[in-house]
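My questions will all concern the structure given below.
When the chains are written out, they are named A, B, C, D, E, F, G and H in that same order, and each has its own residue count from 1.
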């Protein structure tokens, strides 16, 4: 029931087609969405320049094609995460400007190029194996209308690499910090800066890394107060929150 | 070595008191802080209206008194977390305006009342037992110069309590979301909003809550994309990051 | 030994074909089932309209065919869980009315269509990836003679989808609630209702979901008092218990 | 806003005191509870003969007294879990008929003695140390208006004790099954019966029981299909759900 | 250095070819095996009728063939665990009497058929999926010279199956008890008997069975005092210890 | 119902006092214990020279006194584990010959001094802190009628202490092996011997010992094939099973 | 900025081309590496006779070829860990003297044969399955210029094998000790010696070994004071640290 | 049997008092210690300037006094870890020069002041709460005859504090690195240096630190190749191994 229907209901009541009790009963059962509530949900994406995200894993290329073809009609920008070249071939038939980001497997359709973020988002990663996750964060932040800088392979065991990029880091409004193994990078980066640091543990490592658990626990226990954490390998989530912070 | 000393060194070189190689050698071993680097650290607090935090646990009242008496000289605002009435009695002798926040055990000295945050920080908690942690977040955000709203006891098992405060939530720039047991609140709150949600798991619960592990894992796996997580019971960290986001 | 055989034994004793000691000895070693005890087991299924379940994993199509061909003789209804199309082809040769449920891989042979459940069983699931498990619960509840309603993709991050189906939920005698990731759905559903909610954690998720552990712990710690939990991905068990409750 | 206020609003609209847009706007922001939604919550307890539960741990006797004195005015029956004799002394001043259940620490005020449960609830426990949890389930089921039978100390290592009470078990509509250590009892009980079995792991044990984890995992993996599980030591939850099933 | 060499050394000393200090020094560095110590190891197998076990996993058929061809020369009986048909084909060329045990993948060469065990070893298993592990225990106990009885598929959810075999169980000197999922069988069996019960958890199960952890913890916490436990899926170890007990 | 009663029932049937259906019905409900089944349980202890064990923890001195005074009437030997001096004072009033074993807190009443064990039980422990658990095993084995030898403080980091007692170890029929920390002792002892080794992990250690988990896992993974394991700190269980093996 | 550039900067200041403030500002932002800091990193390898390590997993043969071809120009020795024959074929085209170590998959290019280690490094391993990890440690120590001795298959369950090599062990400056399953070897070895023992847990085992967790915990809890631990399967790290100790 | 006894045995053989077989038999059973083997153990301490360590926890002051009074007779230096002032009062009566180290609770008696370490041992710690563990390492290294430097409170969130002490670190032969929470310090320190780094995780932290597990896992997964790890809070072990490396 939208506002039109609501107005009709009230008119009917005013006109005597519905008595008071009937009207109260109808209002009592008024579905939530008819109050404009769900509309927030439906329209939120378009108003923010970021329509919809399709989480790729567990969906066939055909399924993703189906969802995407519906979304592309209503949205300016679409992001498909953790996808593959086959799916990309299908998506390209929907919109020839679609881009496949090979490192992280994301597919993006970007029609709205507006920069919405006030500052810079720095995406920092520790090792070369962490790059796919870091890149997912970068692609996410970019399609949500942010200026970003990638600073990869600056792990803490070679601290000078990080420190010699101090100025770049200090110019950021928010930093996404991606690391596997011991996950120490966010603590060092957090200690250098006065902006929020979003830490992303990765499943990179072996043995006692327990598929990213070591990095996750390390980041949750960071001695730097400006660090928050997302799920293991969740580059998308980190890029998403960084974009919200940067608005 | 501060800038003054650096200038003296350079003057000596210009005057011939030091030759080129001696000057290079001195500069090579220039301690980091003499480059103004560490000054960022020392002066950061005052410039941001939030000088220093004393983490209370494991320190005696006398130790906290010692640290605080040094800090109070240089800082406008001081926050002591997880403290107690005895320590408060000592701190009051340093500054009569010190406040003891009984719910979370924090002590605050707030001389600089400037509002630095652009928007509102909402502090939301699930159960009454989660209030101490939520309050620590609130006290932290307040002393860092933010307007805050507390919305306590709105756990997901009584979803209407949360929903009837939807407008308050939607007016916030960032939300701190505190919950123990299953830790489901951030997912629901995150789904209602388009701003960052900082989730704080608490150790409230018993049995399979494993001292907050259940809530922590729940929050890390949130299906809402705008949720990041801090350590179990880390109300301070959540309030701190929320303040940084709100600047 | 069934009651008929027991009666024969007693007749033989009365007729003098067996003396007292021989009869006592026979009764002493009477297998449990001959006391009507095991008959409960053997005959339970038929009396309840739900003969036997074959747990599919780890069995070859031929093994399942063998077990099923024996069961189909004695039972009205047969359920094979987590099976596959090859097995279905074999089962169809036993009973042409066999149905393959593609989503969850179940095969059903339903000859007894009696509705035995007094009320409605609602099967609710959070995400699209949870549907196979939810469907297993639905198929199980249906073949056990229940009216069911599926309410899929109503995860807590879009709470209005759940709330707008409140009336459907409130008409149920028991709800099966399937969710992966943070497993928050049962808490919200439980809070809305006054009937038993059977929570099924799924292994859907990645990273710190630890193959369903996060959802499992979340559900065990639910703040809603009407929630009980079954094993990860155990849609069958949830549908089974829901059927028992609904009798 | 209650129905009265809603009617007033509609009358004002009909009378022209509010125009259409104003009325739509008011309805749009109608708090959830004003639709009678929250009333379900407020009135649910009384209609079901079970008003409110106060979870005792973490609350002072005075806090419990405060909550209870409010509840006792509106409710027929009150249950306070995991309490103590001091609190009981205070509660007795509110209602002289209050009972203290020493084994599990519950306090009950039972004014409504109506039997609402259709059948019998059997409360079965494995060892003597499990009795406090089993008793909490029993007290909960009783105050919710059920006939119950206690069957304690029938652990699986002395299987004849359980089997010789087979008839009692088979007369139950639902069984609550409480066990620590290896938590095997629900599997055996579940195998004997065709009704729902609610398993409660307890923290009883030492070493590799890991405070009830062993029992919890055992119960979640039960080979009996009619077993669901609640949190470790959650006797209240088991008694609560058993009562809902028995209605 | 064997006893012969030791005697030569002493003769040399007696003959004056070595002086006292030289002899003491030689004896001081006497390798352990020269004292007949290691011989115990080398000859132990043959004296006990059980020469050597080759743990199959991680070895190629050729490697196993190599080890086995050496062992078969010196030993009466050989056991290769967790092997496969290809390896069996090779072993058969060494000894045509070699047997392949398809259920558990063991290969046995049994030349010494002596019964060394005083009593009966009962091998009991819970579900059909546990049979490979149970069979490994049975094959191990048999090749070590024991009379065994297999009692499979007697899980606790159908307790009458176990109880109707009570007499067989009570005739055993030691029982090997194999179960996955909740691992409850050893507790029930242990409670029925007064002999040692060796519990073998299996990795059978899914979800919260965590690859046998649930069964393992259950067995370690058994309330029956006569239960000891071996590693998950370690049928060989259980059969081995049962044989030692039965000597 | 015993055999006498069963015969009476059959006589009544033969005499026509009961018809066929009545007799079948009576037999159907034949309690288990009437088959002499439960008697095994009741009389087992006395026949074996080991009446009853009272597990001390969680029981008050008065409760233990109550149970013990009943047991002492019917049993020759009584063992109370993990008790204390106060309880001992009470037990002494029941039987002046009661002994308090200070190291492990056990109380024993030993009237039957028969040696029932065929061989020697060696109780071996790694560190001095493991002695209480080792002593519980020793006290248990002694009261069950075994010759025992204690060999304490022979941890693997000083392997010569163990090796110089090789002959004592090799004279044992069964070895109980108690160790905390890394729990390596059973592997070394097991490798030296050809008899069953019962490993008892203890909770001795700190940090990554996780209250005995490290020792438990170490023992379960022992590379010696003759090792089985009991629960952490379960000296009683180890002594009990060792006694059964030694019969 | 290197020292040359720094000197140029100072000359410009002396010459008046830069004023004092400009010079201070330039020095303030002096990149770390310009202070010779990072040079330590770049030149460290060559000065130590061990240029660079390429961690093989997750890199394609082509990627490794690319990195190696750059390294081989500047370094004397190169180590590629956990590689494969295909990669080896490529590397051989860069340097015909490259060696493929089949057991552990390492590829080495060794041009600098200098012995830099003062003493002997003993590499000890428990089982045959642990050899790949032990071999990685050996290859690492060798290419770093050490004399090494391999002592494989000396697990604690056959303690005489270890003891008869006591003299070899006692001649080592540092011991690398590799073991899976219960990981007991380092405790025994550590107890025999007065030199550092580097323990490497391996993922060898099954069931409760939990992929090396059991061995890892065992080693961390070693009762020998001279044991330190590296990550599961980290033969390279152990060989690396052993080499540093041996310098 | 010492060398004297061995010589007597040989003389008897030479003199004909023992024949060849008798002598061989005696030598076969020669206890290990008679070969001078155990003497290594007994005399090792004195030869190394570090006699014996008494691990304090779990021992009464009187027990420690007893052990210490025996040790002090034979040793030059004694270390008692994790002790207390009461014990210290007793030890002072044995040797007036005994020192109580209040921070870590160690008691030392140091009569042999020889410096045995070739280089410097740096003891580095992250936070003030880590100091007791770091101090235990320092006290241990000192009493074993090493020059040490303490560098405390240099956690990675304030990286400049660590970097400005780079020269001190680079002058060390071995570094002990103590950190709780995320345990990131060893990775950064390890990356700066080319010497062995012994990492000590501490139990400092809360929530997801899980009593030091987070720090432990972080350190095991360090991306710096020169890091090895000891047990949580094991300052003594780290100081001990550092001393062995420094010899």
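Methods note: a contact is a pair of C-beta atoms (placed from the backbone, for glycine too) under 8 Å apart; a residue touches a chain by one contact, two chains touch by 3 or more.
On a predicted model such as this, the values are computed, not experimentally measured, just so you know.
Under the contact definition stated at the top, the chains bordering both chain D and chain G are A, B, E, F. Think of each touching pair as a link: the shortest run of links from chain E to chain H has 1 of them. Ranked by distance of CA centroids from chain D, the top chain is G. Matched by residue number, over half of the contacts between the chains of E-H recur in the interface of A-D, chosen from B-C, A-D or C-E.
In terms of their C-alpha centroids, the spacing between chain A and chain E amounts to 55 Å. Remark: chain A and chain B have CA centroids separated by 25 Å (rounded to whole angstrom). Chain B and chain E have Cα centroids lying 59 Å from one another. Here the spacing of chain A and chain G, counted between their Cα centres, is 39 Å. Within chain H, residues 158, 163, 207-209, 213, 216, 220-221, 231-232 each touch two or more of the remaining chains.
Chains touching one another form the pairs A-B, A-C, A-D, A-G, A-H, B-C, B-D, B-G, B-H, C-D, C-E, C-F, D-E, D-F, E-F, E-G, E-H, F-G, F-H, G-H.
Residues 129, 158, 160, 163-164, 167, 204, 206-209 of chain D touch chain F in their complex. Residue ranges of chain E in contact with chain F, taken from their complex: 44, 48, 53, 166, 194-196, 198, 216, 220-221, 225-232, 236-238, 240-241, 244-245. Against chain F, the residues of chain G that register as touching in their complex are 126-127, 155-159, 163, 181-184, 187-188, 190-192, 205, 207-210, 213-215, 217-224.
Considering their complex, residues 3, 6-7, 10-11, 13-14, 20, 23-24, 27-28, 30, 35-36 of chain D touch chain A. Per the touch definition, chain B reaches chain H in the complex via residues 29, 31-33, 37-38, 41, 57-58, 201, 203, 211-213, 216, 231-234.
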